[in-house]
Amino acid sequence: MSTFGTIFKVTTYGESHCRSVGCIVDGIPPNMSLTEADIQPQLTRRRPGQSKLTTPRNEKDKVEIQSGTEFGKTLGTPIGMLIKNEDQRPHDYTEMDIYPRPSHADYTYLSKYGVKASSGGGRSSARETIGRVAAGAIAEKFLKQVNDVEIVAFVSSVGDCSIDRSIKNPKFIELLKTITRDRVDESGPIRCPDLELGAKMTKIVEDCKDNHDSIGGVVTCVIRNVPIGLGEPAFDKLEAQLAHAMMSIPATKGFEIGSGFEGTTIRGSQHNDPFIKKENGKLGTVTNNSGGIQGGISNGEDIYFSVAFKPPATISQNQGTASYDGEDGVLLSRGRHDPNVVPRAIPIVEAMAALVLADTLLIQKARESTFGVVY
Amino acid sequence: MSTFGTIFKVTTYGESHCRSVGCIVDGIPPNMSLTEADIQPQLTRRRPGQSKLTTPRNEKDKVEIQSGTEFGKTLGTPIGMLIKNEDQRPHDYTEMDIYPRPSHADYTYLSKYGVKASSGGGRSSARETIGRVAAGAIAEKFLKQVNDVEIVAFVSSVGDCSIDRSIKNPKFIELLKTITRDRVDESGPIRCPDLELGAKMTKIVEDCKDNHDSIGGVVTCVIRNVPIGLGEPAFDKLEAQLAHAMMSIPATKGFEIGSGFEGTTIRGSQHNDPFIKKENGKLGTVTNNSGGIQGGISNGEDIYFSVAFKPPATISQNQGTASYDGEDGVLLSRGRHDPNVVPRAIPIVEAMAALVLADTLLIQKARESTFGVVY
Amino acid sequence: MSTFGTIFKVTTYGESHCRSVGCIVDGIPPNMSLTEADIQPQLTRRRPGQSKLTTPRNEKDKVEIQSGTEFGKTLGTPIGMLIKNEDQRPHDYTEMDIYPRPSHADYTYLSKYGVKASSGGGRSSARETIGRVAAGAIAEKFLKQVNDVEIVAFVSSVGDCSIDRSIKNPKFIELLKTITRDRVDESGPIRCPDLELGAKMTKIVEDCKDNHDSIGGVVTCVIRNVPIGLGEPAFDKLEAQLAHAMMSIPATKGFEIGSGFEGTTIRGSQHNDPFIKKENGKLGTVTNNSGGIQGGISNGEDIYFSVAFKPPATISQNQGTASYDGEDGVLLSRGRHDPNVVPRAIPIVEAMAALVLADTLLIQKARESTFGVVY
Amino acid sequence: MSTFGTIFKVTTYGESHCRSVGCIVDGIPPNMSLTEADIQPQLTRRRPGQSKLTTPRNEKDKVEIQSGTEFGKTLGTPIGMLIKNEDQRPHDYTEMDIYPRPSHADYTYLSKYGVKASSGGGRSSARETIGRVAAGAIAEKFLKQVNDVEIVAFVSSVGDCSIDRSIKNPKFIELLKTITRDRVDESGPIRCPDLELGAKMTKIVEDCKDNHDSIGGVVTCVIRNVPIGLGEPAFDKLEAQLAHAMMSIPATKGFEIGSGFEGTTIRGSQHNDPFIKKENGKLGTVTNNSGGIQGGISNGEDIYFSVAFKPPATISQNQGTASYDGEDGVLLSRGRHDPNVVPRAIPIVEAMAALVLADTLLIQKARESTFGVVY
């Protein structure tokens, strides 16, 4: 449904053409300093209209905290947040009255709900992700304060132009260790830290735009300073929760953690991460093919994963398809849309990662609270 | 935690060296014929000791229904199921008292719980999956009766020997349409429907076994006759729930649905699945790069996805690593273990898919029940 | 936490002195006509400042639907709703900086969250219930359309002035069968359908007001045309869910259903409700001591229950108590408050009842959808 | 459904005439010493056949831990527990094939599930509560170790013979402070600490038995040494969770906490509990009309509440009623049944209280873990 998390819990509302989008974040620890200024930056990073690479839809996306804070501190009560839909255009998309857009949610929403929204697949709108990003910003602040957790996502591929994400590529391993959010943003609108590749990716996106086409890409994300012990055995392994979170982002088609699909080709003797004593006296691993999680539980190493995004479905060129009534025809979609979503997906991926981490951290804290008890 | 699902809900218990493993399945529709004979086949397919490719641990894995049925019919009440751990050997794994196994859950379980089980990472044992398979068999029977749903998983790669899973490979697309569980089982213990590749995969596994090493692989799964409209927008998209389910299976490192990571490299104009009127009068799609899901909701086409399994962590060769105390040393693991898990993962993947489908189907049925109401 | 329900789910936010209060309602069936006009009446019934019996705090409590509807119809997506806090006075309650109000939530909130809000027990404010009433109005409309469900609550006692709620009192049984919301409202601000008793109750409340004191009371609620089969065995019996819902309303101290506490004194041979064939051909019961629920499941008879509300804790007279620091002293509370809450609790009780019914109805619809299947 | 709790979570299975009943308890803190000997006593207290006051059904009700412990310590993983149904008699109750028992769950179960179990309302059997008691015993041990929490329930009324539970009765207030489980058990099978009243209650029950009738009663429960801060604002107030838990026990009709229904008749100036500095330096209250909870959150005072149980529905005398087909007739129920359930309900009430407390305690521990963080 529209609620995510067990203890640190977010519920979102809103679609493309309604008054506002927003969320309620429940379970936020009390006494944490929090104002809109903590939340706005990630919303701004997510915002459309930032460059010629993204949709010209112009939304200020200014968050307004409704509740749950007083004098700049959290009360521990739910935080209501609201972001107005200022640039509503409910009458675009007219041909969509006749044709469901191929690979879009128009047809499945109609089938599921028995009702057609003027914006087609209502909640499948990218605007639904605004509430997630707002909630994620709060989760991130919490994680930062508690354990100095750092979450950095970046574009690792667009089309067939890709950073070599092999676990055998030392440059990639080094990138995971050192990449910062500042460096990602400094790389320009494409948000790929490899500037040379980024330039190529930009070209691909621009070419798609010129040709009224679209292209997908991959976002890679690394989380540092993760406390040991997060995640639950069996159904709620940390990687399962991360996969759920990431695959709930619109347009995603794949998820891999640590060595991922490449890891299936490597023998155990090479793939296993041997233990070693670290400077802090704790055990760590020499390599990190596990991606920071073993048996579903964080081991204190960096967590890293990649998420595949398909090419956006809405393209401004003729597409042969069938109408809702089953008549063959040609659809020429209009309206605003991105030729490529991965740069804007960066803060969404970071937000969803933060939500998972904050929730699992609080659950583990409950358990740890009993460690000192003598039974 | 140990519970999965909202309406069709399974809770499991058990680890490697306890009296029994089992589960409680709640929310099963009443009046469905059900006996142990409906459940045992998938448990038997999951069972170790079936061939020289798997661990010699010998468990009969015979399911005993405790409740929830009478005269061979479900009552609608929870079904308790129990499978005895007949072949307990709590004193194996002695070196594990000193060394956490690299890439295994020993260290993270100790960190999480502050307690060391004789079997290391207790619930990370493959025996935890027995309860899932038992529950999944019930879900599958339900889905079969309601909509003739078919779920077939098969091994699509072992090591670097792989079926070409490209969406541009017509043979693969054809395989997805036609593969049956019988054909998978007839292909032998490796469970790869391409017999030639299967023979190579078997060689790879045998080579690993001979060298006290291990190797990973990929399981691909297709679900046919899926009702339109399953899955929820936002956080509980159908692919998100499937990803969660699959990545909760031990040893998984990646998940992709439909075009997956390959889809990121294809332009929208090629990737989009045009609509077409089908023989049954409903809309379908010409291609199926979406993998049967659009906007998080099933569109009636086949759902297909692949799951990456890493090489098993426990290998019977010397591994340089550190002890729990941080001392460098060499671990030689003993005990029973598989050089490769993918053939045995087949029924687990099918079970988890069935659990997701049964739950989302029931939720959608609740919604559809209101369609006829005139407001 | 702040979320209630499984399929029909409401999440609320907001406390006394923040920008707005509101809620997100998820799981609302699509294609139901819905505008603010469907929701406002119950909010208005809950609103303070309606008579001299209630707090003079003046709030318009005007609901604004943010999402989830289009052209006056629900989309099936979450409905965000917002009600502005127009009359904020964050600087009242100054003595509360020193003294926790006796029997109020000031002290427990401070203990729970480690932080003191200017409004004391933030979410314990009656304004938190606004979101519930807004959500409940939607649930009620849904129930009305699906099964003509009627929910009517009324004041059955204030102080020691009480309608005789004995199951042996034929007048009370008749009242349950015939009472309408119109008749409740026509009885005046006290909302007691027995006008004579209502006049006495009004006197009691006025006397309390004059003496800077407060008094409690009982709300009785009846639900008619409940479909058979709602509620779940074991933990989620329908009466358990209703009890949960009612006891989550601020200031409640007790709940009884059907014969309630009186039922403990009656022998089974008298208490049992014999079955009889009804005009519609279905089984009904001659008496209804069960209160419409047997074994946790609705039996089609009227559901009725009563909820006890304690006297409001905040009173404008001197109270000997201790300060946060443990110093003895005298607290004279200021600010706006009700001498009695039961008349305003009416729409809240109705709302919570509607939320429980809508959720259990949808869950049962999922189950029933499988009844026709031949297994 | 059949799962209760958020972090400390129990799922039960089983009905009257199946192989076994049992439960899975998830979220139990690790490293707690636990064997069957910790669980059996409460199961034995719940067991039928203990005296002439209860059903002669003879069950040993011996618990068998299946998982989650090793060497007598919890692992932190789910604990599966099983209790065999040794005395199955699936062919009793033959007239029930024709007549639904008045005020029993036979008819509602049939309506809900569309299927008739040989034991009538399957899960409404008192045997369903065995899993709860087993789980509750573990929760109790945990609470005892963490905060020396004591939970004592006792019979406070049978029929019209009742301990005066008025908050104005100093003897009752004293009883709540001093009652122990030992004293309850020493009072004999009726479990009423007032021996004189207990003798009268016993007579009432015996008289019912002789006359093939049944009678209800009230169980009162007190919880001491409750940590401050348990329970959540809004929907999950501690009293709401307790009410849910208690009203989910079969045959319950009412719940009241603290001053309960009596509290509605007392003015606020008398009802409010003034604060006072306690010997431990913390704030306490002079009186405890709140019953240990303010604003939904525990305040550190004793929590006490009462639960009403109706007379058991199954009685061995002729009852005029209608058959499933709507034909008028006379039902003479056979089989084993209690003339009164309250003495046996004692450990069930204690178990459900423990489950609520353990869950809310762990959730609050998560929150408190962040109190030291400087934001």
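As written, the chain order gives the labels A, B, C and D, with residue 1 at the start of each chain.
As a working rule, a residue touches a chain if its C-beta (ideal position, glycine included) is under 8 Å from a C-beta of that chain, and two chains touch if they have at least 3 such contacts.
In this text, all values refer to a predicted model and were calculated from it rather than measured experimentally.
Compared with chain A, the chain whose C-alpha mean position is the greatest distance off is D. Ranking B-C and A-C by contacting C-beta pairs places A-C first. To find the repeat of A-D among B-C, A-B or B-D, check which pair has over half of the same contact pairs by residue number; it is B-C. If you average the CA atoms of chain C and of chain D, the two centres end up 25 Å from each other. Centre to centre, using the average C-alpha position, chain B and chain C are separated by 45 Å.
Centre-to-centre spacing of chain A and chain C amounts to 39 Å, using the average Cα coordinate of each chain. In chain C, 1-3, 7, 12, 30-31, 73, 76-77, 112-114, 122-123, 233, 367-368, 371 are the positions where the chain touches two or more neighbouring chains simultaneously.
Residues of chain B that touch chain A in their complex: 1-4, 12, 99-100, 102-105, 107-109, 111-114, 121-124, 128, 157-160, 208, 213-218, 228-229, 232-237, 239-248, 250, 252-261, 263-269, 271-277, 281, 283, 285, 289-291, 293-300, 308-313, 315, 317, 319-322, 324, 326-328, 364, 367-368, 371. If you check the complex, the residues on chain D that touch chain A are 6-7, 29-33, 73, 76-77, 141-142, 145-146, 233, 362-363, 365-371, 373-375. Across the interface of their complex, chain C is touched by residues 1-3, 7, 9, 11-15, 17-24, 26-27, 30-31, 64-70, 73-80, 82, 112-115, 117-118, 122-123 of chain A.
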